[in-house]
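The two complexes that follow have chain A in common; it is paired with chain B in the first and with chain C in the second.
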Partner chain A sequence: MVRLSYPIEMEIAGNTAMWTRPDTGDCPVSYPAPTYSAVKAIFESILWGPDVEIIPTKVELCEPIQYHSYCTNYGGPLRKPTSIKKGNNYQLYTTVLIDVCYRLYAAVVPNKEKSKLPESAIRWDKNTTSPGHAYQSIFARRLKRGQCYSIPVLGWKEFTPSYFGKFRDTTQVLSDLLPVIIPSMLRQVFSKGYTPLGSYAKKNFSPVSYVYDNDLVIQNGVLEYPQKEGESC
Partner chain B sequence: MLNELYRLSNALESNGINVKDWYDDYGALPKVTSKAPCIRIWLAKDGSICELESISAELAQSLRKFGNKQGTFPAFNIPPLYRITNKEHLSELERIEKANTALDVDKIQSWCANDNWHRGTIDKVNRSLHSVPQSFLELIGTQQQPECCLILELIRLAAEFSNDNDCDKSFRSALEKCIFAKLQKQEDVDLAFFILFHKANPKKAPKNDTDTSISIILDLVDWQQYGYPVASKHITEWVNSALLRTYHNTIAKIPPVVGLTDAFGKPLKIFDKPMPSIDLKGAGISDVKLRSMFSEHPCQGRYKYFENNSYPISPENRSLAKKALEWVASSDRKGVTWQKVDTKEIVFVYPSQLPEVPPKFASIFGSNQTEISVQTEARFENIAEEFIKALRGIPTHEKPEFIQIFTIRKMDKARSKVIFSRNCSPEQMIKAAENWAIGCSNIPETELGERETPFPLQVARIVNNVWKQNGDLAQGKSTVERMKCYQGMELLLDIMQKSMICNYLHIVITNSSGLVNYFGNWVHGGAKCKDKTEGKNLEKLKREIVLLLSVLGLLLDKNSDRKEKYMENMAYLVGQLLKISDELHTLYCKVVRNGDVPPQLAGSALFVTAGETPYQAIAQLSCRMNPYITWAKQYRFKNIKDEGKESWKAAWYLKLFENVANKRSLTMTNSTRFNDFDKAQLFIGYLASFPKSEPPASTTDNNNNGNNIGGSDNEQ
Partner chain C sequence: MSSEIKRATGLLVIEVVNSNANGDPDRESDPRQRPNGIGEISPVSFKRKLRDLLEDHDSDFFQSLPDTYTKNSDNYCILESRDRELGAITKEMAHDITSFDQKEFLKSTFVKKYWDARIFGNTFLEKGANKNFIKTGVVQFGVGVSISPINTIRHSNTQKAPRQEGKNAGMAPLAFRVVEHGVYCMPFFVNPNFAHKTGCTEQDIALLKLLIPQAYDLNRSAIRTDVRIRHAWYIEHKNALGSCPDFMLLEALTPKRIGDTTIASTTWADYEDKTALPEELIGRVSLATDLMLI
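Up next is the complex of A and B:
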């Protein structure tokens, strides 16, 4: 069966962004561009539906890459027991990006795993001739109106965008940016996908399954995500 | 930092550079100095310690020890045996050490009352003598080779030392016995005292006074039958190869996880061992862990995964990363591939292809330490010129495609953070260095001496320094780092947004206003230093001002404000007016008040006001300067040639005053305010030299024409 794909795009900008590099461990550093899963989640925060799959295709960088030191003074319950006892906070040192602006691109395809869809989605799917097309139209309408399912964030919850919406005329892609090589970039953490039935019961949560892309290059300010087997755009 | 190191390991591989591989837990010995020697302890067959000797720094450098922080073998650290705090004893001890006088061993024995070994130390020494050697033996295995027999014999002798510290057969007792035997014979007294006594601080509790530790290495006195002593390069290398053989065999036995690859695309093998740590000895930064994610802090974990489980990396890639970091940070590559930025920060620079004679990539960033550019040869201009020449001279086939730059900072004992990571082309680097020099020279001539270009890593210090109105630094023990050192590199590589440049300019203007005002007043007033100390301080301040002006010029240049243009701007001219006022005021004081120059001059007093409300400042200045201008109009015709009181100067100042006042750009209104770029120009204008012009040959001949200079139309 041919899965027709429908392109969607949006722009997002903000003061701070964090696309965590897992190789940096407990002092997280940001990748220079958003990860595949981050882009996917940004699109999904505007409109999410279980019967379509969003496949990020590329991201365009519209502001220079600027790193900045950022420290979170954490005083929550996930501290070392002795720190909690002594009332000491935990400083999480990070290197984030500042003044970011991206143009995000993705393709919407119908979800091939229809057996796992919840009943309501199956019903909706049966009544819809082209879920991808429907998603595309609804997405464009919502983006125009500034609607979102949840507030899109630039990596971390506290890094909310200063703008998200359609492409702005004033934004320029950094086409003169020198190539940036990323030997290993996290693609997805939950690559096994959505597990809907009883997903709130812990045992049925999607398992952590890291997938990495290798030797990616941000060329002329554009990072193209490699397409994996089974994905069609 | 694994991503950066992976690229480096690829670059090393493509250049055919083979890096020596060391087993993870086989670390180097501490650096040997005259104050911190490494002592070889010779063990006899009967288990006694028969001799002690200090080994050379060169030998110590080639030796390694197996283990971790819990214990090591055959070398480990011990604290001195006894603690002495009694002042009389301490002074007598020093006398004996210095004078090398005859010893009263009984007396010395009586001083050995306070044990300096605590429970933790005893346990650590016991582990180093018993459990660590056993683990070591398991890894190297038993073989027939003489090297292995030597190690086995040493392990056997170490194991014979009793765990009970007070027992006669303990390591401590054996050591003490050997020391007193040496003292009896008056041999190696200094060494014996070094091990025996900790000259302690009486104010500190014994538990907290554990700074002193002595590096020791165990060896066999009868080593001849095995060919080499334990503390030798040969045995160290043999042990390393034996450890590596076991390690590789273990890795080979681990089956790869089917269908899974590691983060770099290699078959994934689960190897349950934390990532290795590396001592960056050249930079003085120890224990840099390639990656850590400690389970004791649950907030660090990703989805409840910690350490290795949170990041899939194969053992091969982990050792490649380790080797790459060891290579790039080796002492002999200082200035080429690395440069120390701060006490806990280091910058690494490496090209994708290594030429035969690599240019000094890292030296172009300099250091944030003030001492570096005191030497002429270490000036940015010279280093940049040499670097550009070397980079351009690389044959095309050897030219690197890119240059990777990254900075790591040791945050605390366990964590190291990548704070900057960037790659650029060699052409971009050359252009950046040239633009940097051009930017820093974006200031007019001053009377402060030669213009100096700061290194990129120095800029943060210049920006962060907060100056008081009296020329003293206003910061406490540690500076508030509003600009980080690595951001100087961003400034060099021209990857900073304009908002950041505005931000740094704002910081430097706010922080250095006091220094500019103080120094301007000092120089314009022609004050002389009272003594050598004041002279030295003034020279230091002069250098700070020179560097500050270069930074201001650079930031203006980044904003496309070139000196040819901004020297005609209102802010610069206001600065010049203040300077002329200062100079004229000084001349007046020298002539009329017999050299009694007030502590604050007319222009200097209005410097701060001029930065905020220039209109009000100029209005006040006109009132303030009226008597001096009137005086100067008379004085200029007196033809006085006494040094410091020259009448032509009065004419010159009046002319300058008139020229500046007549400029159309000086037009301002009550609402005129200066932004940070204007303030920078004001600062530069206040310190810059006057425009060059010939002094009038004879003022008396020009009476008729000269009467109009500084005439009523132009008076402020």
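Up next is the complex of A and C:
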């Protein structure tokens, strides 16, 4: 079966960003560019529906890569009761990116896993001539109006954007950037996709399924995400 | 209740005068600064000040709040508290933390009790607990950055109390580290779409609006004597998805640096203040107020 795909694109900028490298543990360090799942989530924060899949295709870097140390007091989860009683918040040392700007590209394709969709999505699917096309149009309208379901963020919730929307004329892709090699990049943690709420609650946890991309290169300021089998776009 | 919350875009314009608005633990508590000289205030730091304001229910400030808060003070406790007990809080979340039920969660003591968990979300998770208890907040504060680079000045502190045996006075070399002058802009966002998950109500947001203007005034310290919130813009959209791009609102209300933008400012007069939204944007939102003037 041929699955038609519909391209979508947007620009996002901000003063701080964090695309966490999982191998950096307690002192997280950012990848030089957003991960596949981060780009997917940015698109989904504008508009998401179980009826379609958003498949990031590439990102263009529009500001130089700059690292910055960012340390905060952290009272995170899973601490021992004794350390909490002593007031031992610990400090989280991180290495973030500053003054970032990206042009993001993705393709929208209809979700092939119709059997897992909730009833409301199936109803919408039946009444919509082309879910991918509908998504593309609604997405473009929302982007133009500055609308979103949740504020798109640059990795962490506190790294809010200074701009998100259509491509700006003033933005330039860093086409003279020297190649940046990324030996391994976490692609997705939840690669199994959408799980309806009913079964989600029963299973307690959504299925974790790590997928990595290897030997990626940011070439002329562009990082292309490898397309996996079944992601026809 | 949650449907009464409107999506909002906010902007804090913070003037720092001979104070350290937010020290960097990675640099011996120097004021936070980026390699290009721009100053920084972390959202964690600002939210801490709001939590500290609300936590002391015996304070004159808390007692001066409207009756709806003072008469129900048990509903306005702080989760991110130094003396919190993990076990006790876990019991407040659910009878059985291995499974999660959204409806039951909204009725729980946890949701009723902790204002900061309802408004900022929470990452509280006991071992073995269902991850659904972790919630995204309704209110997001962003990193505050200065408009121009900042100058940091350092002095040594002296004190009468000796720090070493045999000495009759103590010294703290270069311990007093402050920003000479800087104007910072910190954006924040209110997103009603998560309110039904955290149990956040309109009253919770109203309380946030009462706390913000006092965040620095009622939290002064020796190193933070003069931090002024010049404006606390709060702009409500016409619908839950938003009726005007955030960046247009933020750009329109950010003060403009007069003169050389690459050197540190010395007074508020070095900036062209923005005192209202431009006409063309007012029509796109339902309400634009400065919380400092209410």
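By our rule, the second predicted complex is superposed on the first by the 220 of 233 C-alpha atoms of A that agree within 3 Å, B and C clash if a C-alpha of one lies under 4 Å from a C-alpha of the other, contacts with A are read in each partner's own complex, and residues count from 1 in each chain.
As a working rule, a contact is a pair of C-beta atoms (placed from the backbone, for glycine too) under 8 Å apart; a residue touches a chain by one contact, two chains touch by 3 or more.
These numbers were taken from a predicted model, which means no experiment stands behind them.
J.: State whether A:69 touches chain B only (first), chain C only (second), both chains, or neither.
T.: both
J.: Given the touch rule stated above, what does A:167 touch, chain B (first), chain C (second), both, or neither?
T.: neither
J.: Contact-wise, after the overlay, does A:93 reach chain B, chain C, both or neither (first, second, both, neither)?
T.: both
J.: After superposition on the shared chain, which partner residues are touched by A:158: those of chain B (first), chain C (second), both, or neither?
T.: Only chain C; A:158 stays clear of chain B.
J.: By the touch definition at the top of the document, which applies to A:178: first (chain B), second (chain C), both, or neither?
T.: first
J.: Report for A:16: first if it touches chain B alone, second if chain C alone, otherwise both or neither.
T.: The answer is second: A:16 touches chain C but not chain B.
J.: Look at A:150 in the shared chain and tell me whether it touches chain B only, chain C only, both, or neither; answer first, second, both or neither.
T.: second
J.: Take the contacts of chain A with chain B and those with chain C, and give the residues found in both.
T.: In the superposed arrangement, which is not itself an observed complex, chain A uses residues 66, 69, 74, 76, 78-81, 93 for both chain B and chain C.
J.: Write out the stretch or stretches of chain A touching chain B in their complex.
T.: Those residues of chain A that touch chain B are 21-27, 29, 63-67, 69, 74, 76, 78-81, 83, 90, 92-95, 99, 178-184, 186, 189, 208, 210, 212, 214.
J.: Tell me, which parts of chain A touch chain C in their complex?
T.: 14-16, 66, 68-81, 84-85, 87, 89, 91, 93, 98, 142, 145-151, 153, 157-165, 201, 204-205
J.: What residues on chain C touch chain A, complex-wise?
T.: 24-26, 34-35, 42-45, 48, 80, 82-87, 98-101, 121, 123-127, 130-132, 134, 136-137, 140-143, 145, 187, 189, 191, 193-194, 241-248, 250
J.: Which residues of chain B touch chain A in the complex?
T.: Against chain A, the touching part of chain B is residues 1-3, 6-7, 10, 261-265, 291-294, 296-300, 302-303, 305, 310-313, 402, 411, 414-425, 428, 484, 490, 495-497, 499-500.
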